[in-house]
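Chain lettering (A, B, C and D) follows the sequence in which the chains are written, and residue indices restart at 1 in each chain.
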Amino acid sequence: MIKVLLFAKLQEEAGVHEIELEGSGRTVQSVKEQLVQEYRLPSLETSMAAINEEFVKEEDIVSPGDTVAFIPPISGG
Amino acid sequence: MIKVLLFAKLQEEAGVHEIELEGSGRTVQSVKEQLVQEYRLPSLETSMAAINEEFVKEEDIVSPGDTVAFIPPISGG
Amino acid sequence: MDERRFEITDQPISVEEVTRKVTRRECGAIATFIGTVRELTEGKRTLKLEYEAYKPMAVKMFAEIEREVKEKWPDAALAITHRIGVLEISDAAVVIAVSTPHRKAAYEANEYVMERIKQIVPIWKKEYWDDGTAWIGDQLEQVPYRKAVKKEGEADD
Amino acid sequence: MDERRFEITDQPISVEEVTRKVTRRECGAIATFIGTVRELTEGKRTLKLEYEAYKPMAVKMFAEIEREVKEKWPDAALAITHRIGVLEISDAAVVIAVSTPHRKAAYEANEYVMERIKQIVPIWKKEYWDDGTAWIGDQLEQVPYRKAVKKEGEADD
């Protein structure tokens, strides 16, 4: 099981903050593709990804038990 | 009457904070010379002068009723 | 220096408190930055703001920024508190305090921290205007993010 | 903004209080600088410091610095409190707060103010060490003073 977290505009687009997905040995890219299919999420294209609270790239591998967060353009400070 | 104020190291050298001097139409330079004669004040050479709380130069004129302050190198902040 | 120097809170921030966390006998300078809610941005009137954070990751990124600061200014100490939730005009959204032995480094390090917060810390603000709302975010800021990712030791492709 | 923004006090300084004086709806950034008493300077251990000020002139010079700041950063607001008397290690000797609409100017103006304080504001510190005391002062700082004097409208000779 992979836990997916969505924030800010992405969360509003999905209507949920947290999603659980199946699968192992998947890339971040493949997780994104599934999310686009199921939730559309126009803001996903410009979002960054993190696995277990560290920024990662799209080709990085997501393992079962990981938390994947999608992070739309930030605006803290 | 001219009021002279001394601060910090200058005040320690003179042993007083405030001095009254006579005279009118004198320059700051002439006030300094009198103070050196009467109190020695080795730190006066490196001090700045102010008349009525504004920085002035040595050739500026001190009028009766003015307050002349001698300001050794500052170190605020 | 034992207390939590990196915080996300839903309460008003005490500048005194954040400052106190970096006060040390060996420092002579503390630069503090307070980001406040501004009423007007490019002529548009903000009614209020709402901040959201990915809390555990935001705190990790604050610590990452501290590591970067220590590399550049080894004598610096850093504390950051960011507020989330609904903020009114003039409320402090973030307080950054940096202490150093001498002042130049305190200013420089503080400014560096603020820039990095805007680049790598997962916090978002939603603006509320008379005529609507929007999550604010600058896509351009993904460029420094790429740099942040590469720093993790991965090769560029 | 009605209260006294430039103060010399013999009481501990509240950072919160100085900051509050420059907080405005139109500002999004407040940079604060706190000068604290450092224990070690070039390896020498300071026991305590004593500050003295020519109070009315110091306050006038703070206002002069504000005029200079307004020329360079018209949107900035400024407050300064300097403490005098005996200060212990880590006590705040001076707190400078600058608010601006955007952050870059707040940092820059704050740093400018601190530099000008060290040049034209009549305040002195006496260091107390194990083996003696001394009034500190840098003669080099008379050069900027000359510039300050010339600004008063007098010709160079």
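Following the convention adopted for this analysis, a contact is a pair of C-beta atoms (placed from the backbone, for glycine too) under 8 Å apart; a residue touches a chain by one contact, two chains touch by 3 or more.
Because the structure is predicted, anything quoted here is derived from the model rather than measured.
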item: Labels of chains that are neighbours to chain B and to chain D; value: none
item: Centre distance in Å when chain B and chain C are each reduced to the mean of their C-alpha atoms; value: 49
item: Distance from the mean Cα position of chain C to that of chain A, given in whole angstrom; value: 24
item: Whole-Å gap between the CA centroids of chain A and chain B; value: 72
item: Multi-partner residues of chain C (at least 2 other chains); value: 35, 114
item: Contacts with two or more other chains, residues of chain B listed in rising order; value: none
item: All touching chain pairs, where touch follows the definition stated at the start; value: A-C, B-D, C-D
item: In the complex, chain D residues that touch chain B; value: 35, 51-54, 56-58, 60, 82, 93-94, 114, 117-126, 135-139, 141-142, 145, 148-149, 152, 154, 157
item: Residues of chain B touching chain D in the complex; value: 5, 7-9, 12, 46, 48, 50, 53-57, 59, 69, 71-77
item: In the complex, chain C residues that touch chain D; value: 14-16, 19, 23-41, 89-90, 99, 101, 103, 106-107, 110-111, 114
